[in-house]
Amino acid sequence: MRKVAIIGVGHVGSTTAYTLISKNIVDELVLFDSKENILKAELNDLMDGQMEQDHQVRLIEPNLTELADTDVIIFSAGDISIFEGNPDRFAELNLTKTIVKEWAPKIKESGFKGIILNITNPCDVITQYLQELTGFPRERVFGTGTSLDTGRMKHAVSQKMLVNPSAIDGYVVGEHGESQFVAWSSVRIGGVPITDTLTVEKLDALDMAARDGGWVTFRGKGYTSYGIAIQAARIVEAILNNNYLVVPVSHFHSAEDCYVGSPAKVSRQGISESFPLNLSNDEQKKWQHTIQTIHSMHATI
Amino acid sequence: MRKVAIIGVGHVGSTTAYTLISKNIVDELVLFDSKENILKAELNDLMDGQMEQDHQVRLIEPNLTELADTDVIIFSAGDISIFEGNPDRFAELNLTKTIVKEWAPKIKESGFKGIILNITNPCDVITQYLQELTGFPRERVFGTGTSLDTGRMKHAVSQKMLVNPSAIDGYVVGEHGESQFVAWSSVRIGGVPITDTLTVEKLDALDMAARDGGWVTFRGKGYTSYGIAIQAARIVEAILNNNYLVVPVSHFHSAEDCYVGSPAKVSRQGISESFPLNLSNDEQKKWQHTIQTIHSMHATI
Amino acid sequence: MRKVAIIGVGHVGSTTAYTLISKNIVDELVLFDSKENILKAELNDLMDGQMEQDHQVRLIEPNLTELADTDVIIFSAGDISIFEGNPDRFAELNLTKTIVKEWAPKIKESGFKGIILNITNPCDVITQYLQELTGFPRERVFGTGTSLDTGRMKHAVSQKMLVNPSAIDGYVVGEHGESQFVAWSSVRIGGVPITDTLTVEKLDALDMAARDGGWVTFRGKGYTSYGIAIQAARIVEAILNNNYLVVPVSHFHSAEDCYVGSPAKVSRQGISESFPLNLSNDEQKKWQHTIQTIHSMHATI
Amino acid sequence: MRKVAIIGVGHVGSTTAYTLISKNIVDELVLFDSKENILKAELNDLMDGQMEQDHQVRLIEPNLTELADTDVIIFSAGDISIFEGNPDRFAELNLTKTIVKEWAPKIKESGFKGIILNITNPCDVITQYLQELTGFPRERVFGTGTSLDTGRMKHAVSQKMLVNPSAIDGYVVGEHGESQFVAWSSVRIGGVPITDTLTVEKLDALDMAARDGGWVTFRGKGYTSYGIAIQAARIVEAILNNNYLVVPVSHFHSAEDCYVGSPAKVSRQGISESFPLNLSNDEQKKWQHTIQTIHSMHATI
């Protein structure tokens, strides 16, 4: 049985659950949320969401003892929508670090032996804090990082160049936040470097478009859900199926002494390999900057 | 190209769009909503929601001329969540009939030649009103009706009897609302009448459980989305693929002179056959009652 | 990990493996076949068959120790194509019973604790023989039985009545062979008994059409593969996902003292419930005849 | 309606049809084959192969008038299995060119306005011959080319490096035959050039392993079916969905004055862009050699 727990079923947690069910990725799903009525609502609505499909997921009421044989915990507590279109990373961190402080000992004491996948923002710092407070091996605690941002970049390129996203090879790296950047120097389409085709100005415009898409969603809905749900579901599938998928997740970089997003190989054991980045001089400066941003945010905890 | 328009992208319309995209049911999707910022947010979030899949749906900005070659319009305008857990069918009707009055002429003048699938509540009356104001043939305008309720009934039976929902043959019929009922006399599991196995009391309790599930969701989230999205997507697929699916949708019953939910065959031409109900005496009374409820509600328009 | 072994990778076993892989039903697949070059060919071709999909199934070389933690064995040894369009059930039985005699002790000694799903023909008798020689609990050994025949009946009805197969509730029961029959008295479409709509002559013609389809396939290709692969994959999925699917499989009927096809509930524990048949007088005679056929065939072993 | 015709339903054509049905890629499928009994067998078996799925594909008997509104013709006539494990490209060409000569005028006169996707070997030469005899625009006639070989290379790399195939960016190019080669100089895993990690000897061994897999399948089964079916289905989906997928198909290179496999963008209009290859000196020699091989084979027609 493939068993997943979701801690926090706001819009992101709920949409991730629906995606896991629709795509037949899990067999058992345990939901936790501090708001009892929302939790009950989601348990019922997700039950309705598997109507008409042969594969029925067992939906389980919250109970810490369930974590002992859970394979993956998705940590998505702390709904960003409370900031109503006006997010402040530090205010957010103040809220979410408290939730980590509450949950980390519970997870630890439950006997949980699986992988923690963190979505909660600020993603890199919160992932690191989760690892620090649980004391779990670093390869078993990681975050969705720049996987969503990489997907958005590919979509922006896809639309500009009229090409399927699957043909685009490349990554957004760094903090899942403002200091992230596209490593354009290594992005290729159909094997051809994108820098052969587009000028720096056009690449910058694409980067802006990709970031802006997220903001348009956030300002309109107060949250973004489908993209992050797709990425989280894909990573959970890679873990459960031991697929060795390469995806830009937030994982520990010992050289930088922090968690940060870059391509890594994901399997049943968690992070099994981190791929070295091949950055241009300019990109290396951006990398240093994003690392500093993460460090200074982490220092405030 | 399989082209679908969604009028109203609140929670239900948005989740239906996500489901249509995930399940690879459409090629082009046109979204309409009175709130421009929400519309733009959904267009962006749904774009993110098709990351990592080979099949890319073309998401189209609202434009009435797009309706001329649209195959199916999903009418999901009028978000019930405004009543915040305290729904009043008449108050709702007052709101949603206005929206129909606004949209029906626009749809008519657009040159639309496809099928209208209505989700907006009160489903039966609003579907009828949409047909009346557009003047489209009755077989080309129908509503999701008791498809969601039937799904919920099957889930309740499934959990009680520990049996896969696909093995349960039977329907909830009547108004999509309080006067609906399960036609228990014809429900079977693995070919065996359920009335052979469960007493009337136990069947009533199951009926209550199924209805209650919807309320628990509604009270907690302020709306229900996954179940209705699944049903709407399934019906849209049946239309586009000309599948002759039998599903309890709200369609016109000439004997009753109104729209009401009962099993019908759905194809590219819309409703191609309505199946006669085989009701017990007791169920026939409930049927008369539900028809009256719909008539009296329709009379207030 | 969902682990399945296939004993016999002729056309049926191979197509079943491809279907299990495409539909993302298994994580690990062990293949056995007496012909080493065919086995290696299938391992390679099936590896190619999972190109371009995220979920990668681990394909495992044949080794009896692998059975110790295998969840389901699909027994599909003994390719019917050797009879080249001129099948003789007794000649076939003579071949396949020998293969059972060879395999049953190996399976037993391997420490296998899962479910055996038999496809090899004559299905009912071979399934029974597999149970007898392994001594496994009867609920853990069953055969695909009349699931394929039921599917074909539904397709024939579907085409005649222009209705989606999912709307047809009913079963073919008895021997998976010439003495099987459709229990027309309980077949319904959209809740309406089919006997209300079609005469006995027309029903007989449909029965003939359904059976004939299988023969047309068999005479042209020397075997039939897609339908049986679909049914086997669906039953394996029901076992692995503990879905309580109701499907007409060949299972032990103590009242008849033999294995025979009728609707039963399938879960992780194997057969968890057999549904009583509601047969007309005429159908009861056919049932007695099919039981006798199975008994007399079993007596020749 | 998405309408596809398959000319030649031997193992490859049949498995491709099954894959198109299972993956919900087509709505209508017309089958053609010179052997009437096999054709009827496949029509029946494929009908059985869509049991239990909501989406029902219309299977259409062979009739040239059906081609007038067909979107894609898959040309898979000429079963290689007749050479029984001892294939001779020239003997094969002698057989298959005759079939092209028979079919090209029929296709032309049918009023077909779609895309021809050729699978029949020798793929590059036969694709070119199909284009020459039909006189269709070159962008509307192309072959599966090195798509299968690229998939096999990715699988070999995947197993050696324990990494998901989706993380491997790179192509096999040239003739779909012995003179093809992997353009290793541009293959990357997780953005890192594979030449940074593996020596030339190890890369050569991987190339051998990938080619050898095909031979093992061919020698054991007399044909290979799953891999080519997956690739053909994927390309058909890209055409029908206008997906701009980049895939190494055999298309016309004006610089080389012949059809040959290299990455190209596939959409509803056929080939809409060919990506320039970035080859090392050594690879450029291999490219010249493969072009010569194709030219000399084409000269024999």
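Letters A, B, C and D mark the chains in the order given here, with residues in each chain numbered from 1 onward.
Methods note: contacts are C-beta pairs under 8 Å (C-beta built on N, C-alpha and C of every residue); 3 or more make two chains touch, one makes a residue touch a chain.
A quick note: this is a predicted structure, and the numbers were derived from the prediction, not measured.
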item: Which of A-D and C-D has more C-beta pairs touching across its chains; value: C-D
item: Distance-maximising chain from chain C - centres being C-alpha averages; value: A
item: Interchain centroid distance [CA atoms averaged], chain B/chain D, Å; value: 43
item: Chain centre separation (chain A, chain D; CA means) in Å; value: 37
item: Whole-Å separation of chain centres (CA-atom averages), chain C against chain D; value: 34
item: Residues within chain C bordering two or more other chains; value: 54, 56, 158, 164, 166, 234, 238, 243, 245
item: In the complex, chain D residues that touch chain C; value: 15, 18-19, 22-23, 35, 37-42, 44-52, 54, 56, 148, 151-152, 154-155, 158, 164-166, 213-214, 216-221, 224-231, 234
item: Of chain B, residues touching chain D in the complex; value: 24, 27, 54-56, 234, 237-238, 241-243, 245
item: Footprint of chain A on chain D - complex, ascending; value: 158, 162-164, 166-167, 169-171, 183, 186, 188-192, 238, 243-246, 263-265, 272, 275-278
